[in-house]
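Structures follow.
What follows is a pair of complexes built around chain A, which joins chain B in one and chain C in the other.
On to the complex of A and B.
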C-alpha cells in the first residue's frame, strides 16, 4: 500500500527543552555536557554555539576557549526517550501512529491524514506552528519512505514535500551519510570519491554488494521503497478510535460535553455494527502549547449505550481542565467485549434485567473511587482465619455458595493485638485478660479450637482459639500462639469480636 | 364509637402516616425482619422499611454488637435474591463470621472508603438504587440536611438505610425513623450448659418516629429472634410535625 511519512527532526531538542523551562537563557550560547574518561564532552549545543564552529564531542575546555561566555548544563541521556515520547503523544493530534527514531527524531505515518488539514503544505505548516508555540525548532519533510524522509530532514531542503514515488530523485544530490550508514563505511565511500547518492546509484548493484556489503543495498532499498522498514508505533494501534477537531478552542464544559457525546455516538454506532461493547474508554483533549488532558472510565459489562458511558464520564469531567482551550478531541476504546444477547446471571435467582442496572451502579462507584474500593467475598477453602475468604469480582462469580457454619467473629482485626492474660491451668481458657488497659473478667468460654499453620503456605506457630464472654456479655475471639509445653511462655492475642 | 367511625379513624391515621414517610408500611408483601415484641414499638406493629435508621454505639464493643445485630436483620430485608451494601472506612467485618447470622457475604457489596465525604456520596447513590435492598454505612458527622436527602432517596427506591454512627463523632439530631443503641448481654445456653451460647443484645430504641422508645432483650437463636421487653417505658409518641 502506498504510504506517506513525515519525519520531524528536533534539531536542538535538548537545548530547546532547557530553554522552554528557563526562558531567561535565550540567545545565550548553551551546551549540555557528559563526562567521559574524566573529560567533559559536549553532547548537545544550541544554534549560537554551533554557528561559531563548535562541534559535538568537543571538550568543554576547548569550547570555552572559543566562546568565553559559554553556559554548560549536565546532560541526562537516559531521560531523552521519555521526553521524546511525550512529544509523540503531542503528535497524536496529527496522526494516529507515531514512531520514535534515535533521541531526537519522530516519524509520523500520515497516510490519509493530510487532507483533513487541507493538503500537504498546510499540514506541515500546522505541525511546525504547533511545535513553534512550545518553543521547539524543527526540520520537516514528507516522503513515501521513512528513509527518504529522514535523509531529507537532515541533508535536504527544509519543509520539503516529495511527490509520490519521486523520493529517489529528491535524494540524488544528498551525501551518502543521508542513508544512515555506519561511520566506517562512510569513510570508505568518501575515500573512493563517492560524494553523492547519485554516484552510488550509477554503479552496478553487484559491485556495490561486493565492495560494501548487503547493508548499503538494504539502506538504498529502504529509501526507495523496495524494502519495507519495520514500524514500531509508540502507541499500539487502537481499533476503535474517533477524533474531533474544532475550529475554535473549546473553553466551556458544555462544549466538552457536546464533543464527548458526539464522539461516543460515532463510536457506539461502529461498535453496534460489530456487535461489540465498550469496556474501557479514554477521552483526550489536546491543547495548543500545553500537555493534553485525559480522563478514563471502565465498565463491568460491555456497554453499547452512549448515554451510559457519558454518565460515567460525567463524574470525572469536573476534573478536566479546559484552560486555555481544547482544540481537538480523541476518544479511544482500548478494551471492548462482544455484547451477549442474554447477560449471564449475577447471582442465582436474580432477575436478568437487573444485571445491566447493577453493572451501571457498580461502574459509577468504581469509576469514582477506583475498582479496588469495591469488593465482594466468597469463601475459600482454608482453615487459617485470614485466608478463609477470597475477594471476587463485584458482579460475577459465586453461584451456589455455601459458607461454612463455624463460630467465627463478626469483626476480625487485620493484625491480632497482644493481650495480657491470667491462665491458671495450661490449655485452659484464661480467667481474665487485659486489653488496652482494660481488664475483662471471663465468665464463659468455648474452646480451644486448634488451627495449624498451612505449612505449604507459611511456617510458624499454631494457634489455639477460644471464644470468651466477659462479665458484661461482650464476646471476644482470643488465641494463644504456640504451646505451653515448649518451655517458653506463649503469647496471647485478641483477634476478633463477636456480635 | 361506632364501627364506622373507628374504620374512618384508622384510615385517616394511615393517611397521616403515609405522609410522614411511612408510605411503604401500608403496602403488603414487603420483606421486613420480624423482631418479635420490638415490632410493637413502631406504628402498625411493623419494622419500618424504606426508611433510614441510625445506630448510636458508644464504644467499640457496642459498634460490634450493632454490626452483629444488623447482620441478623439484613437477610430478612434482602430475601433470597436481594443484595445489600456495607460501606466502611476500613473494612474489619469478617465475611465468614456473618454467615452465623444468616447473612451470606457473597450477596454483600463492600465499599471501603476512607474519606467521609465519599462514604456519604456512595450511601446516597446506593440508597437511590432499587436493586439494593439495604445499605449499612459507617458515618462520622452528618448534617440534618444530608440525612433528609437520604430519607428522600429511600422514599423513592424503597430501600432501607442504616447509619452506624462512629462513637467518636459528634452527634447531631438527624431525620431518621428510629435511633437504636445495641449492647451485648450475656449469651444464653439452653438448659444451663456451660460455654458461650446464643448471642444476646440489649436493644434500646432511643427514639422512634410515631412509635415509642423502649428497652428489650433480644437473642439470636440460629434462625430467628427471641425477644423480651425489659421495661414498659414511654407512651406512644404523639404524631409529630413531619421533618
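On to the complex of A and C.
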C-alpha cells in the first residue's frame, strides 16, 4: 500500500527544551556538555553557538575561548528518549502512528490523515505551528518513504512536500550523507569524488555492490521505496480508536458532550460487530499549543451501551478544561472483554441481571469517588486478625471461600485504639473500659480467645480477645496485648465493632 | 491434688504430638500430678516409654489410647484391668491388620464387640456451628455410645482459649446432664510446654504436606495445649469442679498397670504326660548322651543341672522348646542353621543342638546368657541360610498362625537429611535451597547451627527466615533423635 511519511527533525531539541523551561536564557549562547575521559565535550548547542563555528564534540574550554559568555549545562543523554517520547504523544493529535528515530527525530505515518487538515500543506503548517507555540524549532518534510523524508529534513529544503513516487528525484542533488551511511563509507565516497546521490545512481548497481557493499544498495532501495523499512510505533496500535476533528475549537461543554456521544456511538457500533464490550475508555481532547486533556473511566463488566459509558464520563466531564478550545478529540478503548449475549428469563429476573445492575452501581460510585473506595473482602487463612482478610476486585476474583465460623466483628479497625480498662486478673474480661474519654460499663462478655503471633512472620506478644457488650447494647471487640502473668503491665485495645 | 491429665497426644501420634512420652511424664511430675494417661491415636506404642519414665518419677501412667473410629466420634479408652487391656489390644490389632502399615481402620461395629472392662471418654468435635451448637450427628452418636457403654462413658471438656470455651462448656454440660454422663476435664495436651508450639506447627505442615505460609487454619491459633499447673486447671474449670474430680475417679477405677503383664510362651508340642520342663529335661539328657557318647563329664553334668534348675525356676522351658523345634525343622530340611551369640554360653543349647560349641570346653559362663541378677528373658539368636530362610519363616507361620507370629526389628527412622528436608519444605523453602541446606551438613553440629556451614552454601545465616528454619530444624532434629 502506498504510504506517506512526515519526518520531524528537532534541530535544537535539547537546547530548545532547556529554553522552554528557562525562557530567560533566550538569545544567549548555550551548550550542553558531557564528560569523556575527564574532558568536557559539547554534546548539544543552540543556533547562536553553531553559527559562530563551534561544532559538536568540541571541548568546552575551546568553545569558551571562541564564545566568551558561553553558558553550559549538563547533558542528560539517558533522558533524551523519554523527552522525545513525550513529543511523540503530543503528535498523536496528527496521526495515530508515531515512531522515534535517534534522539531528535520523529516519523509520522500520515497515510490518509492530511485531508482532515485540508491537504498536505496545511497539515505541515499545523504541525509547525503547534510545536512553534511550545518553543521547538523544527525541519519538516513529507515523502513516500522514511528514508527520503529523513534525508530531506537534514539536507533538503524545509517544508518540502514530495509528490507521490517522486522521492528519488527530490534526492538527486543531496550529498551521500543523506542516505544515513556510516562515516567510513562516506569518507571513501568523498575520496572518489562522489559528491551527490545523482552521481551514485548513474553507476551500475553491480559496481556499487562490488565496491561499497550491500549496505549502500539497501539504503538507496529504502529511500526509493524498493525496500520496506521496519516501523516501530511508540504506541502499540489500539484496535478500538475513533477520532474527531472539529472545524473550529470547541469551547462549550455541550460541544464536548456532542463530540463524546458521537465517538461513543461510532465505537460501540464497531464493538458490537465484534461481540466486545468496553472495560476501559480514555477520552482525549487536543488543543493548539497546550497539553492534551484526558479523562478515563473503567467498568466492572463489559459494556456495549454508549449511554451507560457516557453517564460514567458525565461525572468526570467537569474536570475536563476546554480553555482555550479543543480542536480534535480521540477516544481510545484500551481494554475490552467479550460480551455474552444473554437470553432473558421470561418469568423472573435472573441473578445475572442483578449482577449487571450491581456492576453499574459500582461503576458509577467508583468513577465518582475513586476505584479504591469500593472493596470486597475475602477471607485469608490466618488466625492473626490483621491478616485474616484480603481485598479483591469488587465483583470478581478470589475463589468462593467460606468465612470461617469465628466470632469476628463487622467493622475491624485498621489500627487498634488504646483503651483504659478496669479488669480482674489474670484473664477475665474487663468490667468497664474508657475509649475516647467515654466510659463503657460492660454488662456481658465472652472470651478470651487467645491468638499467638504467627511466629514465621512476626514475633511479639500474644493477644487475648474478648467480645463485650456495654449498657447501651453495643458490642465491642477488645483485646489485651500480652498477659498479666509475665509481670509487665499489658495494654488494652479496641479492635472492632459488632453490628 | 485434685486433677490428673487423661488426654495427652505424644509424638507417637505421628506428626501430631510434639513431645516424647518421657517429656510429658517429667513435666507432669514437676507440676505435681499424681497420674497421667497418654492417649495416642489408635496406638499404644508410647505407653511403654511413658510407663518407665513414670516409674522413675514415682507417678502413675495409665495405659490408654484414643480410638479414632471411621464412622463415629473419637473415644479415649482406659482399660480397667488386664482383660480390658487385652480387649483394647484386640481392637487395635484388628484395625491395623485391615489396612496398610501405619494406619488403623476401626468401626463402631468393632467397638460393639470389644468394649468390656474399658472406661471410655467421648471427645466432642472441634466444629461448632454458627448457632454455637454441635452438629446433630454428635448428639445422636453420644446417645448411641451412652446406650452401648452404659456408665463407663464420660464426656471430655477442654478450655483451649478458642473464644467459645464458655459456650462449649455450657453445651457439653447440658448434654452431660441429659444423658447422665459425667464430664471429664482435660487440656487436650499436645506438648509438655508451650514453647513446643513452633515444632508442633511444623509437624502439622509435614503431616498435611503444606508449607507454614499456606497452612492457615490447619495450625492452631495459640500455644495453650500444654500440661498446665493443677491450680490453673482448677481456675479454668472453676464452675465445673465435678469434671476435675472425674479425672481422679477414673484414675482410681482404672487400676491396670503394665507391670502386671508378663510374657506368655507358646505351649510346645510334647509328650502328653509331661510338662514342658520335663520334656526339656528329657530332651537335654538325650542330647547330652548323643553329644558325649563316651560319657558326660562331671563338669558338664553339673552345669546342665544348674541350668535346668534355673530354667525351671524362671519357667523358660517352653521358650527353649520353641527354638529347639525350629532348629529341628531346619535340620530336617537340610537348611543350614547356627545358634550364635550369648546362647553359646549355654550347655542346654549345646545339647539340644542349637549351638555347636561345648561351653565347658572353653570355660564359657552360663551367667552371660541368663542370670537371676539381670532378670531378662532369654534371647537365643539363630542364623539361617539366608536363601532358605523363607522356608523357616513359613514353617513358623504355619505352626503358630499368622496372627501370632511377626517379623520384628524393622524400624523407620527419620534421618538428618530427611528431617531437614521435611522441615525446609514446611517452612516454604524452594527445592533448590533445601538441597543446598541438606548438602551443607554431615552432622548437626553447633557449627552448623551457628551458620558457618550454611554460609559456605552461599546462604545468609543472618536471614531471619533461615534462622527460624535452622532453629526449628534443630529443635525437630534433637527431638527426633531423642
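Observations on the structure shown:
Just so it is clear, the second predicted complex is superposed on the first by the 354 of 499 C-alpha atoms of A that agree within 3 Å, B and C clash if a C-alpha of one lies under 4 Å from a C-alpha of the other, contacts with A are read in each partner's own complex, and residues count from 1 in each chain.
Quick note on the criterion: a contact is a pair of C-beta atoms (placed from the backbone, for glycine too) under 8 Å apart; a residue touches a chain by one contact, two chains touch by 3 or more.
Keep in mind that what you see is a predicted model, and the values were worked out from it rather than measured.
Shared-chain residue A:456: touches chain C; no touch with chain B. By the touch criterion defined above, A:251 lies against neither chain B nor chain C after alignment on the C-alpha atoms of chain A.
Of the two partner chains placed by superposition, A:65 touches none, neither chain B nor chain C. Comparing chain B with chain C, the partner in contact with more residues of chain A is B. Of the two partner chains placed around the shared chain by superposition, chain B is the only one that A:475 touches, whereas chain C remains out of contact. By the touch criterion defined above, A:375 reaches chain B but does not reach chain C.
Within the superposed three-chain model, A:406 lies in touch with chain B and with chain C [touch as defined at top]. Contacts of A:364 after superposition on the shared chain: chain B is touched, whereas chain C is not.
When the shared chain is aligned, chain B and chain C each come close enough to touch A:446.
Counting contacts as defined above, chain A residues 404-407, 446, 467 meet chain B in one complex and chain C in the other. Contact residues of chain C toward chain A in the complex are 127-130, 161-164, 166-167, 197-198, 201, 212-217, 219, 221-224, 427, 465, 468. Residue ranges of chain A in contact with chain B, taken from their complex: 347-351, 354, 357-358, 361-362, 364-365, 368-369, 373-379, 385, 388-389, 392, 394, 398, 401, 403-414, 443-446, 467-469, 472-475, 496-499. On chain B, the positions that touch chain A within their shared complex are 60-61, 64-65, 67-69, 71-72, 80-81, 83, 91-101, 104-113, 118, 121-122, 125-126, 129-132, 183-187, 189, 194-197, 199-200.
Contact residues of chain A toward chain C in the complex are 380-383, 404-407, 446-452, 455-456, 462, 464-465, 467.
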